[in-house]
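Next up is a structure, given as structure tokens.
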Amino acid sequence: MGQYVLVHGAWHTGKELEAVAATIKAAGHGVFTPTIRGNRPEDPKTIGLDEAIQSIVDYLSDNILSDVILVGHSYGGMIITGVADRVPDRIRRLVYCNAFVPNNGECLSDMLPPHYVELFDSIAAQRGDGSVVLPFPIWREAFMNDADLDTAKRAYSVLNPHSIKTLKDRISLKANPGEMNMAKSYVNCTEDISLPHLYSWHPKLSQKLGLFRLIQVPGSHELCFSNPSRLALALMDAGRD
Amino acid sequence: MGQYVLVHGAWHTGKELEAVAATIKAAGHGVFTPTIRGNRPEDPKTIGLDEAIQSIVDYLSDNILSDVILVGHSYGGMIITGVADRVPDRIRRLVYCNAFVPNNGECLSDMLPPHYVELFDSIAAQRGDGSVVLPFPIWREAFMNDADLDTAKRAYSVLNPHSIKTLKDRISLKANPGEMNMAKSYVNCTEDISLPHLYSWHPKLSQKLGLFRLIQVPGSHELCFSNPSRLALALMDAGRD
Amino acid sequence: MGQYVLVHGAWHTGKELEAVAATIKAAGHGVFTPTIRGNRPEDPKTIGLDEAIQSIVDYLSDNILSDVILVGHSYGGMIITGVADRVPDRIRRLVYCNAFVPNNGECLSDMLPPHYVELFDSIAAQRGDGSVVLPFPIWREAFMNDADLDTAKRAYSVLNPHSIKTLKDRISLKANPGEMNMAKSYVNCTEDISLPHLYSWHPKLSQKLGLFRLIQVPGSHELCFSNPSRLALALMDAGRD
């Protein structure tokens, strides 16, 4: 069976992926849900991308994990791309789940529409501690459009502020994802409108992977909350050989 | 519970949305299915867009409706946009269902491919009473592609001629839909090819809404005939808070 | 009931469509699964497009088939377009199933991304008998992304080399498909990434049909292997009047 390592997105921690992990575990796989450095509630919010990536590299090493199916959700795509660049020998397959796909020298903000960049800058300026949060109306309409209001509120209540530096730091890669000689999958939630069409997860970002396997599943950007077991099944279709 | 007002498309009347309304009613909501002025079989076919919009403004006022979830299908998108501009205080949320989204000064024909505009002009010229009808082969292949032939024929038989003036009149709005400070949803039927790809309902028209909630559902442009209860469920996912 | 003639894609023969045919037959229709000249394992791999098309024209004539629902999968779209041009009177409806749609003077390679053309040229140069094969990693990730590894391997094992000449010969048509006065459908498998987005089956190729009926079904390019009965149901929705 496989070894899944699930890397969460911005504002999340590994805890929010435990319901997804449970379904994967029940199918007989190993599953790990680390929290990226900078995303633990007590972490300083001035962490940069390099340190964030290194924290997952260290996690794989500390837990002696190899032959890993490395899954990244959203911001987690920045992380798994960096990890794959640093320790390719530990990885069996990369699985991007409505995740950012950076080329060398890109930052996450390069893949955002200008109105998000401006909004995040203005929120971070107000907060003043290096962190950014997501306004609830955007979360409810564009991130959790497949859920009822209670689920959207409950999920929102567990989010925590995210270091804006990780969105602006440019990633340093020896090879772009499209040239990485590694199995790659992209899971696309078909109702995900957290990015607008011109900046779409699929095909705009997915196509940067070169040869990849596409798995689609109905759901919003936050299917991990609205239907974790459905997401888990999609991740397993994406992660199998 | 919510108060739904369902505004039909061109060639339709409120009657064709009664099956949809029944499912929404069964879930405990209030539902209304007015017919736009100009679309009642006995109406003069020279009605313009302004009068058409006003007829639904009057309907809300006559029935003392407020806190309304205002749903527009197809041409109904012109109407609900105009109504929202005139009486925003009566509306809780706008729901566009594969509906036109006009900015100030646009007419419906601006959102049609040239071959439809030419076709409609030529049909209206032949009819000579100000109205346009849809040829059956287009209806069957591009509007009801998810239905069997009998259903397509039965539905076609209840259509009535539509005032071409309402497709050419430019809408007058104080604010474009993207700037309206109001909750907005877009329901996209995923097999709707009544508009070709370059003029797509979603994302081409939906993105004019700014922040909106996307709900997708399998079906053609005329899901109200081919599967009214499935459409009703999608409208309720779109209409809830 | 209808008369279905299913025309396979490159690397396939009619045999691989028998499971699809069984479901269509069980619904009461007539079904035929010819093998295109050039695709029988024993055929010379120097066959051109003209001869390939003619073999299906001859098949219809030899079996005295008329009022046919002519289905083409992938490369089969080249064939059914040519057949429709030569013997339109035998055909009730054309059904393209993630199939190429050529205009007069186009070859299949014109609809491929450059990296596929280069890959196929280099493989054909190595083989030296006029044929091209598909590397397994591409097959597994981009053609059978909806299947498990065993199914992908089993399906791969029955493929046979395909004449590269048929991909480069330009089709000669009296009218482009968009101008053919004939009922047309396009079946789109929604997870088909065998062609990348800029060269998409739908809407990039489908829109060349002019007025057509769209049917969508979840699945990869090789749904005939991964779920033949689901494909059969979609073909019947596409093929009915």
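Order of writing sets the chain letters: A, B and C. Residues in each chain are counted from 1.
We adopt the following convention: a contact is a pair of C-beta atoms (placed from the backbone, for glycine too) under 8 Å apart; a residue touches a chain by one contact, two chains touch by 3 or more.
Just so it is clear, the model here is predicted, and its values are computed rather than measured.
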Relative orientation of copies chain B and chain C, as a Cα rotation angle in degrees, nearest 5: 120
Classification of the chain A:chain B interface as same or different, half of numbers criterion: different
Distance from chain B to chain A - Cα centre to Cα centre, in angstrom: 37
Set of chain A residues in contact with two or more other chains: none
Contacting residues of chain A [partner chain C, same complex]: 183, 203, 207, 211-216, 237, 240-241
Chain C contact footprint on chain B (complex, rising order): 137-138, 140-142, 145-146, 148-149, 190-191, 193, 196-197, 218
